[in-house]
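Input: structures, listed below.
First chain A sits with chain B, and in the next complex the same chain sits with chain C.
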Partner chain A sequence: MCLFFALPLALTYVWSFFERTMFWMKPGFTLFSYHNFFTSARLENFLASMGHSSISVIVAFIFGFPIAVFIRRRIPQVAQHRVILLFILPFAVSEIIRIFALRPFLQRNGLVNNILLELGVISEPITAILYTPMGVIIGEVLSFLPFIVFAGFLAMEAVPKYVFEICEDLGASQYRVFVDVILPLAAPGIFAGSVFIFVNGLGVALLPNILGGPGAVNAGLIATQAITALDFPLAMAVNAIMMTTLLGLLYIGHKLFDLTKILSPMS
Partner chain B sequence: MPEKNDIAVEVKGLSKNYGDVRALKSIDLQIGAGEYFVLLGPSGGGKTTLLRLIGGFIRPTAGEIFLHSAEVSHLPPNGRPTSMVFQSFALFPHMNVQTNVGYGLRLRNMPKVEIRERVDAMLEMVGLTGYGERMPHELSGGQQQRVQLARSLVLEVKILLLDEPLAALDAKLRKEMCIELKRIQEKVGITFIHVTHNQEEAMTVADDLAIISGGKLLERGKARDLYENPIHRFTAEFIGENNVFDGHVTAVDGEGHVMVDLGYTNLTVHGRDQMPGVGDKVSISVRSELVQLVDGNAMAAQGQEILSGTHRETVYLGLTTSELVRLPNGQELLVRQLSDGSGGNGIKVDEAVQISWRTVDGRLHVS
Partner chain C sequence: MQDDYSSLWGYRLKWLYTLLVVFTLMAPVFYVMYISFNENGFGARDYVFTLDWYVVIFSDLLLLESFLNTLVLATITVVVVVPMGLVAAKHYKITRYPLAVVSLMLSPLFVPADILGSALLVFFKNLNKTFTLLGESFSVNWFDNWFDLGYFSAIVGLIIYTLPYVFVVILITMARYKDQQTEAARSCGATAWQAFWHVEFPQIRAGIFSACSFTIILTFNEYTRTSLLKGGYDTFTSVLVSQMLNEGMSEQSYAMSAMVSYIAIAIIGSIILLTLVRSERLEQVARAKADPMGAT
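Then we have the complex of A and B:
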């Protein structure tokens, strides 16, 4: 754990203060990389990518969590894990292929546009879907969805079955059950799941590359570009900022929900 | 408060099947308003199914359910004048005691001030004044069940359903809670229907009880009736510690005496209302505290039944001492006496002994 997680993480921070050389970096202490990051368009891109990553997580949650609740509530216990397996299956396919496979669906003369045209819903192909931030969001939502369903499924672990019987006895509507009981009890799990998915979303460099067109950049892409430009300290700084964001979000979550609860069984 | 001679619950021909399993086989039952009624029986006998049908958590396969004369079998739980106290410590884990108890009222859009007043009054009733701010995990098992009780009572329903409410508590606490439940029921005066497999718990709280087994209602009555004069063999086995002998009738006389052949000896028993025919398979039961060990050479006196066996074991239980005696057919018989402080009767293992009881203490079971 220390060797494979904490050490590289610490080194990321250390290296981010190193000085850049022609092909590598040399020890030292400089804020140059951070200065470079915060004063360039990279900051703007980073914030923008946080923005659409947040939107994607929320949209994916709106679609994905009810699916998770449905699986927990309506599918017989023995079949639940099989159904969840269906949502894990896409991960057996390489991410790049999965994302790439969206292009025939979303592009100008892709399936979605063709069907909409055929049905007469639109008279001209929608060009806003692919190669725009919208494309990135659609791609992210679709690639987050299985994660959200899975995270939601785990989060529902914290909602004991008997609470639904109490609700039935007291006469709580489906809406009240969801708002008063399911959400608060599943909140820690939902939050933890969302943060991991969110940060993962920030880091996936492929997505904006394939679906986003020239304008779309996310943190992962910034780091990749920095590495391509042989600016290792800058790449490390971008990573360090991402890690800090993740840790900061987890800390806030911990303060709000006491995340240790999701790691230990309900008492 | 309901009238005493009102009928709170009436079920007619109530059946429930789970696939091929017949959990409940055409039950007919009436429960009077304001009664503390207990459904007693072994696990898997159908008593919880019956309770959940009354509460509306499951739908019957056949039959009708009337609660205070209204047919309710199509209504959901909250459409019925009932509320349920569940077996496990079923509270909302993220709400404190106050919010847990008041949640049902909040759903009914009652003003906050009024909810607060009613919840406080109810917490006082169940002995939890000052616990309003506690979270469920900060309460003991007994306290959690009291909160459940308050959550149901605060709704002012006419019928409270209790599904094995004390099953998860230890023996001492269970006894205390039994007395507490009885006290609260007498105070609020509504109908309580309590499911349990624990005979002592049932007898402590019940005004009236019903034995449910194999999906059928076998017998109902007061605790005393079921203990002293059980009609069915099953009731005799289930309630109290009875010795049960199986055999067949060899003769019936004009005074209501029934002669039963056990295979290794003959016994006589009073038929009372039941008069089996010669050759019928019957059982005789006798309470273990009415059986005595007697001298190995004693002869049966008039009005006495006597059996021979070998002594197996003496079990000292404090108040009582139990003697286990093996009968010629291998069956073990229990003799229970108050411990007399004499330090035991000195009977050795495998020593031949005789046991006897008064003929009038035997009870005939034709089913």
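Then we have the complex of A and C:
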């Protein structure tokens, strides 16, 4: 893990300062790749993909986290892990197939439009879903939503059930329990799940490539395109920016919520 | 506060919502399966059931070759990664720094495929150049091409990708195992290997089997890291993606996607079912022990 995971990722910072040659790169110290990134449309695309990923995180939280709360609070203890297993099923199918499958599902003559037309909800097929930022956001939510369920459940598992019983005995409303008890206690899990979705939304090139149409780019796609163009220092600079974003987020999260709490059920 | 058990409809609605979310996550895949049986393909007015598209994919030599390549990758990855995951999980249970171990083991989950894949690609290219230079300095060509992109680099990428999953699955299974059993076996004169093989392994066998299955599925499903690190040959997903990107979603693509999905769902579904049956049986045993007279 140290040799083939930590070392290559650490070396991306070194390689990002190398000079580009015709087909490779040579040792040196230049900020050209960073200048190239920050003064081109790549930065704009990167920031736009950050915005899309943030929306995906919020949507995944709204739809996914209540499930984690429901499983932890209302399902009998012995059956909780069985219900969580249901969310592993989508992961059995390749991410590529799940992303590609959204094309016939969402496109102009796809299933969603056909059903809405049949029901009379719309009179014209909706064309603003696929090959737009909305398509990318839908793809991100459908690809990564289970992670907010897993991480939320893991964080909730560390909370003793009697805490909820005390709240109920004291007559706290559902809203007060959620805001004052569940959210603070599950914050490490919510944060970890959110970082996972955010970073993968930025880094999985297939999502904008397949669902976003022309112009949709994220950091992963910028890095892949740079490698295709044999601009390895630029690809490494993008990787370094991504790694810095990830490490920065994890550091902030750890300072705010103590992320080690999420691992306590595994200890 | 109103309890869900007193409001049965609220409880049922929450269950319905949970199942609806799972179904929504799977719906696009189910739709692909549905289209794969249509003789007229996607978007046709008339649906005519056929198995022809599956016959086509089984007679595609490029696809069969890529399937074999992926099978080789999956087999080697399983052989390497499962013992690694087992050793890591055993180390985790005795280490004084469990947080460091678990953080290192799970951190690949947080690094997107394209980022890790491209970092490994440049790493291997640099290793290759360094070793070639080393060989040149000794005037031998023995070091050349050790780290060329190919099976080795692809397997390294797959190991880094699958190891966190294998580690977690084995760790969860090992949580039920009591270390005192190993101590008892050792005090009866068993060697460390005998204690593991005859006492511990039978109890964590289900986890090992699940880890093997997960690794095979993840290897067959993986595209990004493998496509960056595999070198010149094709894998199942690389053929699928190049076909989809170059020709669009053809009827054959639907059948290929559906076929891979059937196999993966069947394997994971079987594991889930086996897990449910096993835990139910364990509960029955526990209940029988707690209440041997069957009074309740």
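Here, the second predicted complex is superposed on the first by the 260 of 267 C-alpha atoms of A that agree within 3 Å, B and C clash if a C-alpha of one lies under 4 Å from a C-alpha of the other, contacts with A are read in each partner's own complex, and residues count from 1 in each chain.
By our rule, a contact is a pair of C-beta atoms (placed from the backbone, for glycine too) under 8 Å apart; a residue touches a chain by one contact, two chains touch by 3 or more.
The shown structure was predicted, so the numbers you read here are calculated from the model rather than taken from an experiment.
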item: Chain B versus chain C as contact partner of A:55, first or second or both or neither; value: neither
item: Partner chain in contact with A:160 - chain B first, chain C second, else both or neither; value: first
item: Touched partner set for A:9, first chain B, second chain C, both or neither; value: second
item: Which of chain B and chain C A:185 touches, first, second, both or neither; value: first
item: Touch count on chain A, higher of chain B and chain C; value: C
item: Touching partner for A:134 - first (chain B), second (chain C), both, neither; value: neither
item: Chain B versus chain C as contact partner of A:95, first or second or both or neither; value: second
item: Touching partner for A:168 - first (chain B), second (chain C), both, neither; value: both
item: Touching both chain C and chain B, counted on chain A across the two superposed complexes; value: 168, 171-172, 266-267
item: Complex contacts: residues of chain A adjacent to chain B; value: 160, 162-163, 165-166, 168-172, 176, 180-181, 184-185, 266-267
item: Of all residues in chain C, those that touch chain A in their complex; value: 1, 3-4, 11, 14, 17-19, 21-22, 24-29, 31-32, 35, 42-43, 98-99, 102-105, 107-116, 118-123, 125-126, 156, 159-160, 163, 168, 171, 217, 220-224, 228, 237, 240-241, 244, 249, 253, 257, 260-261, 264-265, 267-269, 272, 275-276, 279, 283
item: Chain A contact footprint on chain B (complex, rising order); value: 55, 57, 76-79, 83-84, 86, 88, 90-94, 103-104, 107, 137, 151-152, 155
item: Contacting residues of chain A [partner chain C, same complex]; value: 1-2, 4-9, 11-12, 15, 24, 63-64, 66-67, 70-71, 74, 78, 81-83, 85-98, 100-105, 109, 111, 142, 145-146, 167-168, 171-174, 177, 195-196, 199-200, 202-206, 219-221, 223-224, 227, 232, 235-236, 239, 242-243, 246, 250, 260, 263, 266-267
